[in-house]
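Residue numbering begins at 1 within each chain, and the chains themselves are lettered A, B, C and D in the order written.
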Amino acid sequence: MSILRKLGKIDYRWLYITSLILTAIPLFVPIGLSVTLSEPVKDYYAAIQALPEDSVIAVSFGGSAALLDEQEAQFLATWKTIFSLGHKVIFYSTTEDGPMILRDHLGKKVIPEDYGYTYGVDYVELGFSPLGEPGQASFAANIRGVYQADSRGTPLDDLPMMIGFNNFENIDLLIYEYTSCTDIEWAIRQWTVPYQTKVIATTLGCCGPMAAPYYPSQIAGFLSGSGAGTELEVLSGNPGPGAAMSDSKSIGILPQLIFIAFGNIAYFANKFSKEDEQ
Amino acid sequence: MSTLKKEVPKLIVMVFGILMILGSYTTIPIFDTLNAELTSWTMTISAVSVWLGAVYATYANYQLYMRNRKEGIEHLIYFVVPFLVFGLQFGAGILYGVESSQYLWYFAHIYTNIGAAVYAVMFFTLASSAYRTFIASSWDAFALLAGGLIYTLRQIPLFQAFIPGIVGAGEWIMLVPNVGGGRGAVIAAALGALALGIRTLMGKEATVTEGA
Amino acid sequence: MVGTMELLGMALGTFLIFSTLSMLWKDNPFFRVGQMAVMGSSIAHFILLNMQTVRDNAWTPLLNGDILMVIPLVLGLLMYARLKKSIAWLSRYPSSVLIGIGTGVMIAGTVSGQVLDQIAITITDVFNGGGINAMIIAIGVVTSITFFVFTKEHTGVVGKSASIGRKFLMISLGANWSGEIVWYLTQLVGRLMYIKNFLTALMGG
Amino acid sequence: MIETGSWMDLIFLALMTILTNYYLKKAADGTLPNLRTIPAIAAIQEGVGKSIEENKPVHYAMGASGGQLYSTLVSMTLTSFAFLKYLSSLCARLGARLIVHMPYQTESLPMIEEMVREGYRVEGKEEEFRVEDLRYYGRGALTWTQGVTASYAQEGVGLNLSIGIFYSDCPISLEMAKIMGGLNVGGTGRWIMVYAFAMMCDYVFLGEEIYAAAAIVSQNPTMLAGIWVEELGKFFSIAMSIIGVILALVGLNIAPILGI
């Protein structure tokens, strides 16, 4: 009995070190586990697929350098899906890191020109503005109120795609990429509620439960975490970084589950032994 | 003087708050224009104040060094390193621009790695806290444990493959009881925030009206 | 082949990952140096980006004749009044502007987005034939709000409702924990992949 | 003139404003709400006492992003200011050292200093206030968590009070304070992060409790009176949900009245 009780008092550092080792192993010895698709991911993909030809998609890009491990699979698979369908895209960054990540990824990992796109005609990149919720509202109502030029300094009116393009009326779908869980409300309050713009969202794994109350009534679909990014990779047939992470996550979580079991065994062993003593 | 120190700020809060509300609820163009203008102001005010942080950080760092300097040379290193890194990065940003390859090199290797590593550390801190608290010692604790475990298993490919129905169960946890509880909490917190907001605009919120 | 600068960067990155993770073991000089370096780096990065914001949002428009931009610039400068005690009260002016704007935006967005719409969705889901799940959500909403009632002791009907609400809240907290821990695990995997790539590059891979 | 679909919002807002005014008047006459106990409030004083006994500092954290003034989370910022003022006053009165881990939003720093100074001033000890104990770490959760953790490790933790806007910073700061022997008390209005407080704190303010608790610690009648308004809002939400669901079951949808 005393051994069982000790299971509840193991030094945390054992948990840390076993998790670290087990997470690392599949990086060297891949297992290749399959993934199962979930409804919000299927609906996210369906929302892009359902757009008529030559639709315009606005991507509110909330990329963060420190969170790329979680976000990268999502946005790479999303961009590949959009570009393969030929829709026009307007990227605007809501985080400081956004333009740097776009520069790094949108020219090296997914190249729009490979899909026959021309900058300024089929897609534009507006750069960073610390939008926040009021900024999202301003953008939806009057893009030029927030951006006078694109990220390269070209005035918006000199970009063919942006001529006569200035607010929500020109946008068929908003892909709202965010990292701060409650920010989903900004898209709902400033896009869905006032303009009934169709919104799909990508966010971190932790934000899934917070996005769920708004799905499917206010957001048509969402990706939460790199796991959902992996699902989109599978669904859209665009393999990417998500798949490589799956195995490590599967094995790395095991010590946590075992330690939770240990904690419960120790608790009940303690409880029953006290009852026996009484 | 009291009017300038206390009453005018209260009035400013009230006027700007009401202007923003009018912009949201009316179709009068002037309020929309004002909303956009004021929003732009907030970004500027905030951005201009950015050096304040450096002032506080420098002062605290200097005082820490003065207090610990006799304990060893390492404290001099701790004191100098932030200034050195600041100077190098700020210089690179000013000389080459924040979107230059030099700055991006710095950004990619320092900023990105430490940021991501801090999040990795959180995996461990959450793990140890779960080991301590995910104990089914009551029905409330059992609910916490069940919600946490089922949704975790749903997210991990290994369990998706070997536990039939775990995806459905995990989705159900997320889309049904989580929504019920979470929505109730959101409504309650929103009401708390609203009540406080209204008091603020009425000039009755102590944190805004009192100060040294 | 990876270039020398890239390899150097990866070595630095790997060192910083280890220094950050090392704090889990205990406080140590590597962690301290890493922390101080990050602080300097982060403040520099933040200042640079904000200087751009000032330039794009206020300075350039001002030079182009938008005279109104003087106001936010002056308000921003008033923040520094806090550093001198005799004029510290002046910093309340910009703070009040920000609080007023923030409160106005919050009120307008919260009433519908987080109160009325949430109740409406709960009802609509039942109306649209959401079945047992919609009913469970509705029960969760009502009982969990009861948990947050402060002016009634949690006894009798209120107590029972609050107790049920607490179960819903706990499940929600558990699900939130789960979402976070899997995300952080992803971050850990990402950093391990970075170190693996560095080792591969170091060996000429 | 009025935005389409906004009438119900405006009516709700008007009612809340009228009720606020009414209860403020009642508060002026000395009528205040009776509130159920929130154990975490008493724990703050206990924690300050523990810090003095152990000769360790009291830490106050409002989150890496806790200084948002012009966002929808401004209420949470103001709430954290109320706690900060209370705590600094308590520390000044009892003689504990207070370290404040400031958020990265520089626009909130003047108000933070003002709150701490005010706390010391009301106790007549403004000269004991030390600016170097207001710590700033730069932008984002990553630097903030590192700075806070380093401070815990190097200076010790008696009480760690964390109230404000927390994102993914609190899982490290709270757990590290716990591992280093601190008494953790705290809460946030951001539901998504409440789990971390529930798991890592010795005493927690669950979600909305921070607003009520801020009014209680302020002992300011107008803030306390405001709790009535929140409460009526909750009763309204409960009643509308129950009535709406019953009517929905018999085929009547009242949701459009609420704005959808």
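We take it that a contact is a pair of C-beta atoms (placed from the backbone, for glycine too) under 8 Å apart; a residue touches a chain by one contact, two chains touch by 3 or more.
Just so you know, these numbers come straight off a predicted model, no measurement behind them.
Asker: Name, by label, each chain that touches both members of the pair subunit B and subunit C.
Answerer: A, D
Asker: Starting at subunit A, find the fewest moves between touching chains needed to arrive at subunit D.
Answerer: Graph distance in the chain contact network comes out at 1.
Asker: Have a look at B-D versus A-B and report the one with more C-beta pairs in contact.
Answerer: Per the contact counts, B-D leads.
Asker: Quick one: which chain's Cα centre is the longest way from subunit B's?
Answerer: A
Asker: What is the distance, in whole Å, between the centres of subunit A and subunit B, each centre taken as the mean of its C-alpha atoms?
Answerer: Chain centres of subunit A and subunit B, defined by C-alpha means, are spaced 18 Å apart.
Asker: Centroid from C-alpha atoms only, then distance subunit B to subunit D, rounded to Å. What do you get?
Answerer: Inter-chain centre distance comes to 14 Å.
Asker: At what distance in angstrom does the C-alpha mean of subunit C lie from that of subunit A?
Answerer: The mean C-alpha positions of subunit A and subunit C differ by 15 Å.
Asker: Would you mind listing the residues of subunit C that make contact with two or more other chains?
Answerer: Correct list: 20, 23-24, 32, 34, 38-43, 45-46, 49, 53, 79, 82, 88, 92, 94-95, 98-99, 101-103, 105-112, 114-115, 117-119, 121-122, 124, 138, 141-142, 145, 147-148, 169, 172-177, 179-185, 187-188, 190-191.
Asker: Which positions in subunit D touch two or more other chains at once?
Answerer: 3, 6, 9, 13, 70-75, 78, 104, 106-107, 109-111, 114, 137-140, 142-143, 146, 168, 171, 176, 179, 191-194, 196, 198-199, 207-208, 212, 227, 230, 233-234, 237
Asker: Name the residues of subunit A that each touch 2 or more other chains.
Answerer: Touching at least two other chains: 12, 16, 19, 66-69, 96, 130, 132-134, 185-186, 193, 205-210, 213, 225, 227, 249, 253, 256.
Asker: Chains as vertices, touching pairs as edges: which of line, ring, star, complete or other describes this one?
Answerer: It is complete, because no pair of chains fails to touch.
Asker: Touching subunit A in the complex: which residues of subunit B?
Answerer: These residues of subunit B touch subunit A: 20, 32, 35-36, 38-40, 42-43, 46-47, 98-99, 104, 107-108, 111-112, 114-116, 118-119, 123-124, 127-128, 130-132, 134-137, 145, 149, 151-152, 155-161, 167, 171, 174-175, 178-179, 182-183, 186.
Asker: Which of the residues in subunit D end up touching subunit B in this complex?
Answerer: 1-3, 6, 9-10, 13, 16-17, 20-21, 24, 70, 72, 74-76, 78-79, 81-82, 85, 102, 104-107, 109-111, 114-115, 117-118, 121, 126, 130-138, 140-143, 145-146, 168, 171-172, 174-176, 178-179, 189, 191, 194, 196, 198-200, 207-208, 210-212, 218, 220, 222-223, 226-227, 229-230, 233-234, 237
Asker: Name, in rising order, each residue of subunit A that touches subunit C in their complex.
Answerer: Touching subunit C: residues 13, 16, 19-20, 23-24, 27-28, 67-70, 96, 128, 130, 133-134, 185-186, 188-190, 193, 204-210, 213, 217-218, 224-227, 244-245, 248-249, 252-253, 256 of subunit A.
Asker: Okay, in this complex, where on subunit D does subunit C touch?
Answerer: 6, 8-9, 12-13, 33-36, 38, 68-75, 78, 104, 106-111, 113-114, 137-140, 142-143, 146-147, 149-150, 153-154, 168, 171, 176, 191-196, 198-199, 206-209, 212, 227-228, 230-231, 233-235, 237-238, 240-242, 244-245, 247-249, 251-256, 258-260
Asker: Quick one: which bits of subunit C touch subunit D in the complex? Just the residue numbers, please.
Answerer: 20, 23, 26-27, 31-32, 34-35, 38-43, 45-46, 79, 81-82, 88, 91-92, 94-95, 98-99, 101-103, 105-112, 115-117, 119-124, 126-127, 135, 138, 141-142, 145-154, 169, 172-174, 176-177, 180, 184
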